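Pasting in a structure now, in structure tokens, and then I'll have a few things to ask.
We call the chains A, B, C and D, going by the order they appear; numbering starts again at 1 in every chain.
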Amino acid sequence: MKNITVTVLIDTLIDITLLAFLAITAIAIIRMRNLFVIIMLFSIFSLHTAGLFVVMDAADVAFTEAAVGAGISTVLMLATLALTKNHEEKRPAHHARLPLLVVLITGGALVYGTYDIPSFGDPISPAQQHVKPRYIEHSLEETGVANTVTAVLASYRGYDTLGEVTVIFTTGIGVILLIGGRLLRRNKQEDD
Amino acid sequence: MIDIIVGHYNYWVVIFLMMAGFYTVISHGNLIKKIAGLNIFQTSVFLLYISIGYVSEGTTPIIAEGFTRYSNPLPHAMILTAIVVGVSTTALGLALVVRIKEAYGSIEEDEIHDQDKSL
Amino acid sequence: MKHNLILRVIAKYLFPVIALFAFYVQFHGDYGPGGGFQAGVILSVAFILYTLVFGLETAEQILPPHVLRILACTGVLIYAGTGVATMLMGGNFLDYNFLSLNPVEGQHIGIMLIELGVGITVSAIMLMIFFAFTGRERS
Amino acid sequence: MIEQNLSLLLVVIPLLSAPVTAMLPNGRMPWLLTLTASWTCLLIAGWQLSVVIDGNVISYELGGWAPPWGIEYRIDAMNAFVALIVSAIAAITLPYALLSVEKEIPRQQTSLFYATFLLCLVGLLGIAQTGDVFNLFVFLEISSLSSYVLIAMGEQRRALTSAYQYLIMGSVGATFLLIGIGLVYVETGTLNMVDLNQRLHPILDHQTVHTGFAFIVVGIALKLALFPLHLWLPNAYKYSPSVISVFLAATATKVAVYIMLRMVFGVFSNDFVRITPTDHMFLLLGVFGVILASVAAIYQTDVKRLLAYSSIAQVSYMVLGMGLASVLGITATLVHVFNHALMKGALFMACGALVYRVGSSRFEKLDGLGRQMPWTFTAIFITGLSLVGIPGTAGFISKWYFVLAALEHQSWLIALVILLGSLLAVVYMWKIVEVMFFRPVPDSAQSVKEAPVSLLVPMWVLVIANIYFGFNTELTVNVADSAARLLGVAAYHE
């Protein structure tokens, strides 16, 4: 029993440390003007998030976030930076009040909304009591897959994943239409 | 009081992160920085979902001997899809930024706006 | 970077390792973290590394744009086609139980097929996007 | 076997056609496949509506998993109605697209262009069919991402900035929707709409539920271009290729209206709308939207932008209908969704015809053009009458139901606003008529031919539909009424 308490304590400590890092990174991103630094900080933000996902027992999501956020997104942003050759954000002429007001209202609404949200890690919250138990208890016998995330993703909610593939496909086509002038030729013979 | 803080601090920091991203999107005029802000906004929402799925003293939802308490796989599956949607939006947005730079010679919103007005 | 010998040699050795890891992630998703999407991203990273070291022209000789486009389309068709196949075999769309006489075996086949579709599409599209961004300067 | 799967095939047929289209050689082949796919969709959507029109519900379990564990397609009269509108507009737009696209889109992009069009159709139909909130989010993103691309395909460089602005606003909206879904999920543990409705019922007073609701509504409002979140819409419609203006103006905001109805009344409930200030909010935004957007339309100097502002005003009518929160109000909203799709489809097609011949939709290029392009001009004139709400046109039917709903609500003010909106519509539509018909043709102008037949026929199909549905209200009003009742909206009583 004692061991469990120690583990929980360590988990909480890591959780708080990572959250603090994330908050600092987010503030730095707002205040920095050098775009290269911003992109690097975003990559760090993403990697920390992935770490946090591991702490919160979401290995699959952590894996994907590390590959996509810290990997692909960062590479694409750097590629854009190389193409636009614009490394410094312009200093705004005046400080707009409206965005700050909108953000404060939105954030306030969210804090208001957490008033009766189940506590963090609560094992008897509705989200843990409804729908989820079947995935945990029966996915192995129903789908033969030990990783329940894969079972949900590929089988129970496989149609969402078809949508996800369609989203990626749309993006690919879209990027080619927008900046892939060279890639539009289907092969060397076809004239354009 | 302590109970509320212990049970909610995670959500509150996540809300702060979301709002930091949201603020970057709506207050900054640089097109690349807006996209970075949007990414932070979305990534923080992913944190909200994973926090919802978290169970204390639980483990990753890969069924194995000796474990009985798993975190909720449904938010994980949803967020995997949402991450893909996020990177798709980023890629398209950046492609548009490249084209805008070629067409206007700038990626600052006010400079682009001025060019359009002078026509 | 084309003339840096160390980079060229290491990239050549890293390429199969990364690709192998991608295949491991692709087919081990049932038991551990991972699956088609992550595998697709990792596989595309292997090619991105290759492109960075050996140049876009060399990379496009191995994977010409029209091949990538066909691969991307094939992945989507495999995924949706699996659904159509289950429909033809009497089940609902994507009801893998009907793919085999034994439902769990059917689930295995179905999940493998769709993860394969995801992996193919994702790696092809990621590469297409990367090629589009890096090739932009020249056009 | 086919029949039980038809509702699903409605989405899967365009989904399968999209990658095939992307692999076809450029030219007319991609167009032909897209046309075939969309007409097949129209047939299926028609069949589907005929099944559910009497109050039946089709339930389809994707992957064979029962809801709420799996995703469910749940089609009642409202879903089928929206799916029919989307597929009908796609089916009518495509014959029109052939020449317009050949003129406005580079030949080497045609196959990918049509593939993206199909993906947009997949997204919109997927939204209309699904009974699962997260699945709805995914398909909403498919339709949004493809429309960003399609808008950016416009010829002028401002198409790029418009698409970028839409991308930022749209993604913020989608993220808000995602936050809302998450907050509702944490309180219920489910994503299925029917299940959500039942599990939300006992906890409608929770703060978390209220916040989730607010985020869902704001997120959808961004996609809906609800005043004052409409800023992305005018430029997006103006600078996109003609075909895309037609398709998006006639379908995208309509589907967003459907999402709003489904979420607000289907997932939450009519009681929830009444115990919270939601209905008053909708009424307030609707009133301001109708008046301010109509006034803004009057000051435009470009037909496409004028029509875009008019669209914002018409969407505000639909929001007014939701704010009335009664069977009659929802019926009016749904009837107007249908009729407005017909009107804006025809009007943007006429704009496309002008762009096809003159190359611009700005007023100074259109002087006296009405006499040179009489068929296009007459189409604009008749549809304009419908937009105003003259008896004998489809527009009259929607305005009639809006006024009835307002009077049932005993709100004279709202009835007055609806009439004022019609008056303002007379003013801005008259501006187009004046420029095109009463101004002399400039001497320097070259003579302009009437638009080609393949542009005129789809346009006139919609014009005639505007008149036909002004007399035959059986389809629209019956379906809308049955849909509104299924949504669980009790008749209004104080």
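Note that contacts are C-beta pairs under 8 Å (C-beta built on N, C-alpha and C of every residue); 3 or more make two chains touch, one makes a residue touch a chain.
The structure displayed is predicted, hence computed values, not measured ones.
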Self-check item: Chain of greatest Cα-centre distance to chain D
Solution: C
Self-check item: Which of B-D and B-C has more C-beta contact pairs
Solution: B-D
Exercise. Mind checking the centre-to-centre distance between chain B and chain C? Centres are C-alpha means, answer in whole Å.
Key: 25
Practice problem: Take the average of all CA coordinates in chain B, do the same for chain D, and state the distance between these two points in whole angstrom. | Solution: 28
Quiz item: In whole angstrom, how far does the Cα centroid of chain A sit from the Cα centroid of chain C?
Solution: 21
Self-check item: Centre-of-Cα separation between chain B and chain A, whole angstrom
Solution: 5
Exercise. Provide the list of chain B residues touching at least two other chains, using ranges where the numbers run on.
Key: 18, 22, 26, 52, 60, 62, 74-75, 78, 80-81, 84-85, 88, 91-92, 94-99
Quiz item: Among the residues of chain D, which ones contact at least 2 other chains?
Solution: 15, 18-19, 22, 62-63, 134, 138, 141, 145, 148-149, 152, 179, 185-186, 191
Quiz item: On chain C, where are the residues touching two or more other chains?
Solution: 31-33, 37, 69, 72-73, 76, 80, 83, 93-94, 96, 129, 132-133, 136
Quiz prompt | Touching residues on chain A, where the partner in the complex is chain D | solution = 109-110, 112-118, 125-132, 134-135, 155-160, 162-164, 166-167, 169-171, 173-174, 176-178, 184-186, 190, 192
Self-check item: Footprint of chain B on chain C - complex, ascending
Solution: 31-33, 37, 129, 132-133, 136
Quiz prompt | Residues of chain A touching chain B in the complex | solution = 4, 7-8, 11, 15-16, 19, 22-23, 26-27, 29-30, 35, 38-39, 42, 45-46, 49, 52-53, 56-61, 64-65, 68-69, 72-73, 76-77, 79-81, 83-84, 86, 89-90, 92-93, 96, 99-100, 102-104, 106-107, 110-111, 114, 117-123, 127-128, 131-132, 135-136, 139-140, 146-149, 151-153, 157, 160-161, 163-164, 167-168, 170-171, 174-175, 178-179
Exercise. Would you pull the chain B residues touching chain C in the complex into a rising list?
Key: 60, 62, 80, 84, 91, 94-95, 98
Self-check item: Residue ranges of chain C touching chain A (in the complex, touch as defined)
Solution: 29-35, 37-38, 41-42, 45, 48, 64-66, 68-69, 72-73, 75-76, 79-80, 83, 93-94, 96, 103-105, 107-108, 110-111, 114-115, 117-118, 121-122, 124-126, 128-139
